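Chain nomenclature is as follows: A, B and C, assigned in order of appearance, with residue numbering initiated at 1 for each chain independently.
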Amino acid sequence: MTAPHELGTAADPRTAIVLAGAEEGGSLGRDAWRRLRRDPAAVVGFLLVLLFVAVAVLAPWLAPYSPTDTPGQGTVTPTNIPGPSAEHWMGLDNLGRDELSRVLYGARQSLVIGVVSLLLGATAGILLGLLAGAFGGWVDNIVMRVVDMMLAVPQLLFAIAVAAMLGQSLTSVMIAIGVTNVPVFARILRGSMLAQRGSDYALAATSLGVRRRSVVLRHVLPNSLSPVIVQGTLALATAIIDAAGLAFLGLSGSDPAVPEWGRMLSETQRFLASAFHLAVFPGLAIVLAALGFTLLGESLREALDPKYRR
Amino acid sequence: MLRFAVRRLMQLVPILLGLSILLFFWVRALPGGPAVALLGERATPEKIAQINRIYGLDRPWYEQYVSFLERAVQLNFGSSIRTQRPVTEEFLRLFPATVELSLAAGIFAVGLGIPLGYLAARRHTTLLDNLSVTGSLIGVTVPVFFLGYLLRYVFAVKLGWLPATGRQDSREFLDAAHPTGFYVLDGILTGNPAAAWDAAKHLILPGIALGTIPLAIITRITRASVLDVVHEDYVRTAEAKGLLKRTITRRHVLRNAMLPVITVTGLQVGLLLSGAVLTETVFAFDGVGRFLNLAISNRDFSVIQGFILIIAVIVVVVNLLVDIAYGLVDPRVRAR
Amino acid sequence: MRPGTRWQHRTAVRALAVTAAAGLALSACSGGSSTATGDTTGGATDGASDATFIFGGSADPITLDGAYVSDGESLRAIQQIFEGLVTSKPGTTEVIPNLAESWTTSPDGKTWTFKLKSGVTFTDGTAFDAAAVCTNFDRWYNFKGLQQSSSISYYWTTVFGGFAKNEDDSLPPSLYSKCEATDATTATITLTKASSTFLSALSLPSFFIASPKALTEFKADEVSGTADAPVFSGTFGSEHPIGTGPFKLAKWEKGNQLVLERNDAYWGAKAKIKTLVLKPIADGPARRQALEAGDIDGYDLVDPSDVQALKDGGYEILNRPAFNVAYVGFNQAIKPLDNPKVREAVAYALNRENVIKTNYPEGAQVATQFMPPEVFGYAQDVPTYAYDPAKAKALLAEAGVPNPTVEFWYPTDVSRPYMPNPEANYQLFKKDLEAVGFKVTTKSAPWNPDYLNQVDAGKAAIYLLGWTGDFGDPDNFIGTFFQSKQLAWGYDNKDLQALLDKAEAETDLAKRTADYEEASKVIMTDLPGVPYAHTQPSLAFKAGVTGFVPSPTSSELFTDVTVPAK
């Protein structure tokens, strides 16, 4: 959907192949780490991600109110929703709750959605990719046709379809977003493995009489994973944005009292003119969190790509 | 080349067959059903049963599937339960709007993205470069609908520069004819340049909202790809030969750097169709995306099945065309 | 957002009319006293202009053939093009004459003789007469196949039950028997039994009179396509809707705009604007911004949170009279709601005033019973349950379940006139329930169809719902809810059902009123749910727009609307 992972890697198999062909030599990890530390974008990304995770974990200690408390009860009406003040740094929401507390608690939900949907999508995608990459031939053919099928439906439609079927719950949102990740991961891992299998060391191992399964599991797979890791980081950003898109289309977790950024953002569209703060803060939170993961993922990719070793 | 194209076209068959099965079972796995969707608050079990009988939804699933498939092959997806008009007709009516919007978004993304990416690469590590990189990163992280609301609020409501909704101003151009459904083109064809300009103005805000993510992607890929190429040996050779900078740019850098850009641009089609669901809803723009969103929430089975299948065909065919174009330019792909 | 779109307006905006006053009109008019609406508005053409008025609705009409629709947006357009034998007095639900100048009923209440206005023509030039009236009634009565689907001929099946040949066992015998054109201006309609709702139903656009010539010529009844994918193939409803109304169809760009133009040959007061454009804008914020950007001149279904800002911005806000009820429903088939003490505890626990203050626009009032005060039969002395959390806790303790677990449902993707933001109502109510010891499990689903489906199937224990009146008749409120046992309520009070049956058949208005008052008291004692709000849905207009009279049933005409010159 609103997909940063179209950024050259994901949807473009060719880039993935180019990328995968790049992994060679044992010093790669150390090398990459060194370059990553020097890259300001990576540092900013890392800090944003750290902040996001810290807020998610520490929300109960950081937030001045519970996300369901209504300190503004009695003062808030549809046409009077107080903005930021000394007492409520981000103002009150339309039910008289403290917006800052809700934004802080919202990080938890967004993190959970991101991580779980990523795990779901990546696991399924990696299994499919592994199947295709390891066996090749007709297995590969069938798997890739399934993947093509999933890619033929625009991602957002796909997620809407899945979420509509599973009903309204956080689980179905996570599954819906996870499912859209499946074909991407499958394609990347497969492409990467195909490239690795053709690489010199794999050919060498095979010619030395090492069994195929062992070549694949011990050599090809570990070396094929780095584009998957990059994609994983980027998918976390996408998940947060996608959750917002789904919330806008009316598909989100069941309990509206549990704060979630995407939902807060889409719900408060109706207050855009009268209470602008309700749209700004969750919107900003989404952009910053997604930016963090995107910066980190992009830097990671550059660090792992020997083309950028200049 | 022809064999490549034919082979790729053949791959469409299993994709569509698989998709039709998937869709067929998906709509039947949805909670509720069209009958309840039609009746709303007033649904009673008797009325639901009656509607299911009329639409044949009480027959065994395989009969329904076979009849669905038979009709689908003839591009007959039945009619929308919601609007009572044939699905194919609805699609044809709405498709020009979405194409027009996508084109606007595409022009915005490509027209701005390529020069920006190129300049960023040529002025690598300068302020401009950093700005374009940061901008494109932020561009992909702003939710489309939020951007749409902001644009509309600022430029239509606060500043009043552009219209907020729709495709043509009803007050000024009530009688504007729309023979093709592409409003800008219609304005030109019917000799009404003012109407064409009005339709174009209606495309600006939704076009920007929809085009922002592709813009970010295209800027980045252009920048990366130009950076790659300028470090290639042949460019250094050309520079060593003392060729004019302009010649190098035109003959070597741009031509080679454009390959991945073309690919990525082609791949944005699916993305644009996704984004169209959100953008068209935000701007009350009567296109395929908005209609499909309404169909899904109203359990309009025939529309969902028909539209998704047609969209899948379009996405696959466009990707195929991109591949063929790519293959024509780059012989390495053909060998695959 | 959003697609507050849906079709929600299927029921949100309806036109029907009958109230206490209408009930009176029913007997009064049989004497033959009447005034035509044309006369009351002066029949003047002065003020006619070349102006265009653009109005934002939430969706496109489905078709302009009134017999096939029940959604508000279709009805809104049909209302401008066609006319019925009767109509409702602007701004009320009182039935007044329209194409029929007067009428009489036989003593047994089955035979209705309508004296028609003469000299009226359809916009295709053919004359409106008794034969045309009978052609229309016979057309509806003889619907077959798909036309009998209750989603297509909703109002016919609701008011008249069945058809000449019922093709489905679930359809009851028809209330309609026959129509005879005694002479050009006298139509006699015979019913199979006396009905207290027949006359008022005739003010619904679904029973407006169309040109018989156009119906035939443009194949209004033709259905083609396959059995499981039927299509209405005629062009009557899409291109050639021919009626007698103040406007006629100019062009319809589906999904984009419906353009109506003044019927210059109209028999009554001619429209003051030349062109009326109805634009579908599904998204609520988009409608508001379209008004602010000048794309449109007015719109329906204003979000409560926008009301003040629009007033501040110099826009005109008009409210429809409250004609709805929002309630928290209980399903007594699900424990612990079978226990009256638990239901009472919920009633005492809910802070209804707070919900109305926080989430509703001005003009909303706390409900005490399942019908709005505007309807006759509204009881003044029903048992009330003022907010009292301590009492709620005590009741739960008494019931032996201090911490009952309940599933509480709310709909998403919807904004109803009686419930502009269900999610917001839900969150406040949930908090109230938790405060007195309830353990609340949240359940939600998209309004249409999932939510309604679940609630109607009796799956929801506690749920948010409401109702907008079709008829200004108590039967259309509490009769709809409680006259028979429904899964959603799991409430089965035989005495109450008998009382409601008796009230429906009663012809004496005073007795009927007393019966419904009694019924409301019984209901609020049994407490099948907690009614909490009646609202006044708002419309917004550009400054200087005049002549729009909001109607409780949304049956508004644009005839007298004027727009200020630029």
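Everything that follows uses one rule, which is that a contact is a pair of C-beta atoms (placed from the backbone, for glycine too) under 8 Å apart; a residue touches a chain by one contact, two chains touch by 3 or more.
In this text the structure is predicted, and so the values were computed from the model without any measurement.
Q: Taking each chain's centre as the average of its Cα atoms, which is closest to the average over all protein Cα atoms shown?
A: B
Q: If you take the mean of the Cα atoms for each chain, which one ends up farthest from subunit C?
A: When every chain centre is compared against subunit C, the largest gap points to A.
Q: As a quick test, compute the distance in whole Å between the mean CA positions of subunit A and subunit B.
A: 22
Q: With chain centres defined as C-alpha means, what is the inter-centre distance between subunit B and subunit C in Å?
A: 39
Q: Nearest whole angstrom, what separates the Cα centre of subunit A from the Cα centre of subunit C?
A: Chain centroid spacing, subunit A to subunit C, equals 46 Å.
Q: Where in subunit B do residues touch two or more other chains at once?
A: 31, 145, 149, 153, 157, 281, 293, 297
Q: Multi-chain contacts in subunit C: which residues touch at least two other chains?
A: Residue numbers touching two or more other chains: 1-3, 285, 413, 445-446, 450.
Q: Give the residues of subunit A that touch two or more other chains, as numbers and ranges in rising order.
A: Answer for subunit A, listing residues that touch two or more other chains: 164, 167, 248-250, 266, 269, 272-273.
Q: Touching subunit B in the complex: which residues of subunit A?
A: Interface residues on subunit A, with respect to subunit B: 1-4, 6-8, 11-12, 14-15, 41, 145-146, 148-149, 151-157, 160-161, 164-165, 167, 237, 241, 244-245, 248-250, 262, 265-266, 269, 272-273, 279, 283, 286-287, 290-291, 294-295, 298, 307, 310.
Q: Under the stated contact criterion, what part of subunit B meets subunit A in this complex?
A: The touching residues are 11, 14-15, 18-19, 22, 26, 29-31, 133, 137-138, 140-146, 149, 153, 157, 213, 216-217, 220-221, 224, 228, 231, 260, 263-264, 267-268, 270-271, 273-275, 277-278, 281, 292-293, 296-297, 304, 308, 311-312, 315-316, 333.
Q: Looking at the complex, which residues from subunit A come into contact with subunit C?
A: 68, 70, 73-74, 76-81, 94-96, 164, 167-168, 248-250, 252, 254-257, 266-267, 269-275
Q: With touch defined as at the start, can you tell me which subunit C residues reach subunit B in the complex?
A: Residues in contact with subunit B: 1-3, 5-8, 10-11, 52, 54, 60, 62-63, 68, 145-146, 148-151, 154, 158, 168, 170-171, 225-232, 253-257, 259, 275, 277, 279-283, 285-286, 289-290, 292-296, 413, 445-446, 448-450, 452-454, 456, 465, 467.
Q: Touching subunit C in the complex: which residues of subunit B?
A: Of all residues in subunit B, those touching subunit C are 31-44, 46-47, 49-51, 53-57, 59, 64, 67, 71, 76-79, 82-86, 93-94, 145, 149, 152-153, 156-157, 160, 163-171, 174, 178, 281-284, 286, 290-291, 293-294, 297-299, 302.
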